[in-house]
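Per-chain residue numbering starts at 1, and chain names A, B, C, D, E and F are given in the order in which the chains are listed.
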Amino acid sequence: MNSESFNNVPPFNNNNAIFMASKRTIKNCKVGLLGVPYDGTSCFRPGSRFGPSAIRESSNGIETYCPQLDLDLEDIDFTDLGSLDIPLGNTISTIRCIKNSTLKLLKHNLKPLIMGGEHSITTGVIEAMVQDYPNLIMLQLDAHADLREEWSGNKYSHACTMKRCLELLPSQKILQVAIRSGTKSEFKEMNKNKRLIPHTSGESAIHLKKALQQFLGTPIYLTFDLDWFDPSILPGTGTPEPGGFLWRDFAAIIDVIKEHNLVGADVVELSPVFDTSGISTILAAKVIRSLIMLLNK
Amino acid sequence: MNSESFNNVPPFNNNNAIFMASKRTIKNCKVGLLGVPYDGTSCFRPGSRFGPSAIRESSNGIETYCPQLDLDLEDIDFTDLGSLDIPLGNTISTIRCIKNSTLKLLKHNLKPLIMGGEHSITTGVIEAMVQDYPNLIMLQLDAHADLREEWSGNKYSHACTMKRCLELLPSQKILQVAIRSGTKSEFKEMNKNKRLIPHTSGESAIHLKKALQQFLGTPIYLTFDLDWFDPSILPGTGTPEPGGFLWRDFAAIIDVIKEHNLVGADVVELSPVFDTSGISTILAAKVIRSLIMLLNK
Amino acid sequence: MNSESFNNVPPFNNNNAIFMASKRTIKNCKVGLLGVPYDGTSCFRPGSRFGPSAIRESSNGIETYCPQLDLDLEDIDFTDLGSLDIPLGNTISTIRCIKNSTLKLLKHNLKPLIMGGEHSITTGVIEAMVQDYPNLIMLQLDAHADLREEWSGNKYSHACTMKRCLELLPSQKILQVAIRSGTKSEFKEMNKNKRLIPHTSGESAIHLKKALQQFLGTPIYLTFDLDWFDPSILPGTGTPEPGGFLWRDFAAIIDVIKEHNLVGADVVELSPVFDTSGISTILAAKVIRSLIMLLNK
Amino acid sequence: MNSESFNNVPPFNNNNAIFMASKRTIKNCKVGLLGVPYDGTSCFRPGSRFGPSAIRESSNGIETYCPQLDLDLEDIDFTDLGSLDIPLGNTISTIRCIKNSTLKLLKHNLKPLIMGGEHSITTGVIEAMVQDYPNLIMLQLDAHADLREEWSGNKYSHACTMKRCLELLPSQKILQVAIRSGTKSEFKEMNKNKRLIPHTSGESAIHLKKALQQFLGTPIYLTFDLDWFDPSILPGTGTPEPGGFLWRDFAAIIDVIKEHNLVGADVVELSPVFDTSGISTILAAKVIRSLIMLLNK
Amino acid sequence: MNSESFNNVPPFNNNNAIFMASKRTIKNCKVGLLGVPYDGTSCFRPGSRFGPSAIRESSNGIETYCPQLDLDLEDIDFTDLGSLDIPLGNTISTIRCIKNSTLKLLKHNLKPLIMGGEHSITTGVIEAMVQDYPNLIMLQLDAHADLREEWSGNKYSHACTMKRCLELLPSQKILQVAIRSGTKSEFKEMNKNKRLIPHTSGESAIHLKKALQQFLGTPIYLTFDLDWFDPSILPGTGTPEPGGFLWRDFAAIIDVIKEHNLVGADVVELSPVFDTSGISTILAAKVIRSLIMLLNK
Amino acid sequence: MNSESFNNVPPFNNNNAIFMASKRTIKNCKVGLLGVPYDGTSCFRPGSRFGPSAIRESSNGIETYCPQLDLDLEDIDFTDLGSLDIPLGNTISTIRCIKNSTLKLLKHNLKPLIMGGEHSITTGVIEAMVQDYPNLIMLQLDAHADLREEWSGNKYSHACTMKRCLELLPSQKILQVAIRSGTKSEFKEMNKNKRLIPHTSGESAIHLKKALQQFLGTPIYLTFDLDWFDPSILPGTGTPEPGGFLWRDFAAIIDVIKEHNLVGADVVELSPVFDTSGISTILAAKVIRSLIMLLNK
């Protein structure tokens, strides 16, 4: 709602449509939450397009206080900027639009926290991030490798995101945490180039901690495809993959990341359509709450 | 989002969170759409609280053009003002807040179109409307009479709405269209005071037309409890009642109302939680589209 | 709960588990409501087994007053007797158990109103009814003819119910109202023996009225397979058949039956498992409410 | 399954995976049923892709006999050919593949009956049909006009299907039956060129009959977007539009078409994902049953 | 069903409506199961009101034998007393009614096992328990602290239950097991007063064992808000909180409690409406089975 | 589709209706996948009857490559033979039909991998297997013991499967892995005869390894009732039992079995009707993928 409009019409704040405890101004804010309701399909109902608004609504179902980090969202200067109007149909112009929006966030000193939408949107964010952070480290939580050169003739498909990021960042600056699904050649390539953080014995956080030790202070970007979680706690996603991770595994990763310099993140692939009981959306909201706190430094 | 904030951060318009084709300013607008996500319960998930945001999202699934009225929302000056922050728990202060918000809309020359939430919210709107329109006529589309003196000890329950309105308006200024459920005494009272428009032979629109003839030009307010529709086309509501009406019945009522001076309306009792296939929410969006057009005079 | 138990432990009445407004005694009661949660399957979840308890719960969502009949359940002496313990697995002993229970109801001067369960249960009820009412007329509302000699080797399958009843009653005493699905030979046989009340122009009530004229005063039994209704208003059934009837069609049939001597009825094939929005169960409760009133003479 | 394989391994017939009563050979068959599970999206779960297999399974829930047409599928020579392997991602090559498959059906003297998938697939079928039937008449049952020049940059989107068909057939050979949703310019163009069969008073079948009178004997193709039905009886579709048609309306259209020379048809836009109670899929199966009978001449 | 009624009308036992294996008399029974279908809302469908009847039905899906405790419900003298008729709308009179019913159970030497309903009902039970057991110890399994002074102006909201209990019992007699959500001040207060049993390393049972050691033989009451479980195994609750506990964690707690003197318990906040697959309700039934066995001493 | 039919009608391969990457011939194949859509019920919708087709469709949502086994389905010679036409209604003739089909698979040197359907089907498979493998070892993954002599008067109920197998195989050749539900006498008998592999500390794979050590090289058959999994990851089954196993537990069992001589397997009791989010079916597809690889030796 632009400035010439509602100065005299308080207080239509529409709390339901923004993430709980968001400030209503960007002034002093360090973190900017932005929705990218893109799922690349032509019909209007299915998919992750409805992720951002669902997460905003469900955020009212959890507390603002996080016992693990002993922080309260009410005490944090972040702002929910709403969601992008996506130029439907053309993935390339979508990516460009996401890139430009991210650049604007950075110009306002807002660390970007992007809510998808599909994983394909990450490419646009990273294109912007590497301009401001030339030595950026990228962390991927995901069930799938996403390293295909192209999928169904589209280089910007969500199955190709990490392949695209490999064109923007050197291989050794990307860590793929506990990927559990992919083609034979995707696994071969990840292993050959030592980008795959293993998950033997449920201890991927420990492996990650070790792998990140050399990057203390270096700017880190996290891309979080929510299907990294087990389908039991996150059924609401497009391609659930059995054998995933629980909340305590993510809590362990929070403990690792909080020692580092997180400068941006995205959370993608929530599909409320398949979240018949609503628990996936609430989980996503709790992930967002954690990341706002981790980005607020 | 207030004025000192996002002047420099275009274009985060968040189309998904407002009704399709809404103007981004109140300037020149004649209709103001406002959500009142109130369902009077303490737990966060069930109920009509999620109505307004669900309707906004689903509005993108229908066209802006209405063949029946031969009008296009794109050509109409209306604005979606978002949703109220409701002071939870106290029905009386909720009613007061709704009244004050409606008064503000009226002061800005915006005809109020309110999206509930429960039917209880109507009382607040009418309290404001009668101040501006002393000779207001009230039209009720509903499955239930809502004439109880109190319900569970609460005078402002959604089962008492029309009883409260009878304290604000004389009985002969209220028309209850084709009510099909109620207590014996509710039906007795409605019939005695000739407020009940019958629905013999599916012809309630004809009866309504006749009943409204004497009120040509008089300001009319419509309260539309969506359970007036048949459960087959609107399953997503709290108390579905078999034997309701189809779209063509409402289309006939549109044809009646368009000859009159509609000055305000509310659309209540959509419960997305029970709308497992999404058709109720789309229907509600189409109702809202029609009412915006009918209010735009 | 038997008599030696809870005399001193009032008031644990468990309203939720009985049909609304039921008396707590059979004294003076004319109608006995009895659940038969039988669906002939060995696994515990799917099917119509859950019909009776679902209907009882949903009965609290509608009013006790019926505007069409201008009667109130509160003024009617009927009692909800709970549900039978069915000896699982053996259809024949199930039928016998149903027969015996119906006989007990008759001995207490309770007109039986049976809630299924599958349609197969009707055979047991009719076996009892014909003992007390040798000149019984039987009325079937159903989507399907149910005239197979046997189905999957079982003569008492729900696909054979009317064939079994034809062994208990002469063909001319059975009226099959507006059946719309069956085999070629089922239709041939129904038509040849003039048992099929047609539904041209949605006027099956008129045809039924004519067909029943000769039976004024004769005891009538109604078996109501809920899939007679259109799937849009009753999705929650095992074999939904497009092209069914709406509430107003049943309302017209109520007007026909109320002139006659209804002495018993059953309502079968509600499957709450497929009733994702709950509207089927509420519709079934409203049907039961109507039938209690029609039986109360 | 090709010929060198299972000659010696009877009887693995997999009835569940083909439409009920389908012949196992094309010999003597007049109608060929073919699935085109295309929904143009990259993620695997949502959408109409699952339409054909869902319809096949649900076909077992209805009878093979049709009382309206007094025909039995068991007596009809038709064959279910399975579903196409669609080259994902490229709409143009998909259209070409559909065209080629349709040509093969025609070469085998099989009248094509195509199960979608999205409406976009129709373009490919029509491209083939006009080769064999130069004076083809096309009938569209649909909620939407589908006359956009392009949608999201894609000329072959399901929102453009009829626009594409207008490039293959002259405007006066296309009849659009009771379209109820579209843009202002779509309605203007349809009306100007007199292609829109109106639905005043629920009498579109009568209007259609009149409009088709001049085409007795001329080959007719029917494209049936299932969202023509009312959302109450067909909730399981991508863009449900309130105010649609019931089964009896389609039954009336069957009575019209059976006097004509139907040479091909498609049934599209069933989305089992949103068919929470299963009634949409059963309805689609009943439509397919009717069309097999109408094509079998 | 009271005593003057059905002596002559056996055997309408209605097994489906009571917990499996319940005795039909209170004679010799040590445990009394009572439903309190209260969720404090005015509309009839959503919420935990449907918990007790859903649990009773689902109890038939599990065995009566418990391998962990090597006990069989068939050998245990407990009785399911049905559910209370709650005076809707007034929380205070509800609490009083629950208190009085609990007192009656105690007078009949029945250890109370209460099925909610909301957590707010616990206050009434405790008010009765402390009269009979002045040195009662209270154990809370819950995701949330429930220590708010009031919520939405209601002191008896389910968000305030433990705060109310702190007015009935001294702080050191209440143990809050592995609470994982709350406000900053709630956590501060719990920690300051050492009531919070931590859940480091999934070992809350060990911590609990230690904390309970001093109370061997002392009467213990357990209040079990089912959202203590992880949303993956119990999605059907009003406010699911990620990061909860699995069945094996509760099994470990059973092993702790069985060494102690459990004298009463409640199980609350099951919301069947959100239990789309039914697993939450079955889990609740298994919890009830365990607690009946633990109470039977 | 038999051989005289579609030689000239390529390429109607119907990939959607077979398991991903299946060969189209039995030539050179070592594994034969066969569906047995039997659930023993007379009505058409509920139950495990829909398991095989659902698994086939969902198989397209996972990769063909398995990182754990480092194998790719594309490199494996297996064939999906479709599903049996089951003679409905008579369990005994069903068992016989399954036996005969299994014998045919064995004759073609195809190791049988059977997709249920109910657990009752296993008896038929084992009857065939013991003919070819007289010293067969049988492994059961299951929540329930399935050792009842009969259930509801049916000796071939799914509650009696293992009892029937005990009549075909000596007790010491059957291993029941981590059964967690049953009657007192079932547990007694299993323990007495040492067939129960315990699951203390989540280490059933270690116990299984030990128990299988003596059978290195001996032909092993695995019957996998999917309710062995925890309801959180497999809600879509008829009788979910809390306290089950996660994917990593099955992965550990894969590591045990891969050292052995697996010669056949079945996967039963998936009920897509209750799989509201689809995760159960995907899990079942992943299990099938693993077993194809384990059988391919």
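Criterion: a residue touches a chain if its C-beta (ideal position, glycine included) is under 8 Å from a C-beta of that chain, and two chains touch if they have at least 3 such contacts.
Values in this document were obtained by computation on a predicted structure and should not be read as measured data.
Among the remaining chains, those touching subunit A and also subunit D are B, F.
Counting only chains that touch, the fewest steps needed to get from subunit D to subunit F is 1.
The interface of B-C is repeated, with over half of its contact pairs matching by residue number, by A-F among D-F, A-D or A-F. Annotation: the subunit C:subunit D pair of sequence copies touches via predominantly different residues, less than half of the used numbers being shared. If each chain is reduced to the centroid of its CA atoms, subunit C and subunit F end up 41 Å from each other.
Remark: subunit D and subunit E have CA centroids separated by 55 Å (rounded to whole angstrom).
Chain contacts: subunit A has residues 44-45, 61, 230, 232-233, 239, 274, 276-278 touching two or more partner chains. Chains that are in contact with each other form these pairs: A-B, A-D, A-E, A-F, B-C, B-D, B-E, C-D, C-E, C-F, D-F, E-F. Interface of subunit C with subunit F (complex): residues 39-47, 88-90, 118, 151-154, 157-159, 238-239, 271, 273-274. Interface of subunit E with subunit F (complex): residues 61-65, 67, 70, 72, 230, 232-233, 246-248, 251, 276-279, 282-283, 286.
If you check the complex, the residues on subunit B that touch subunit A are 1-9, 11-17, 24-27, 34-35, 37, 44-45, 50, 52-53, 57, 60-61, 79, 81-85, 101, 104, 108, 278. Here subunit F touches subunit E in the complex through residues 180-184, 187, 202, 230-233, 235-236, 239-243, 274-277, going by the rule given at the top.
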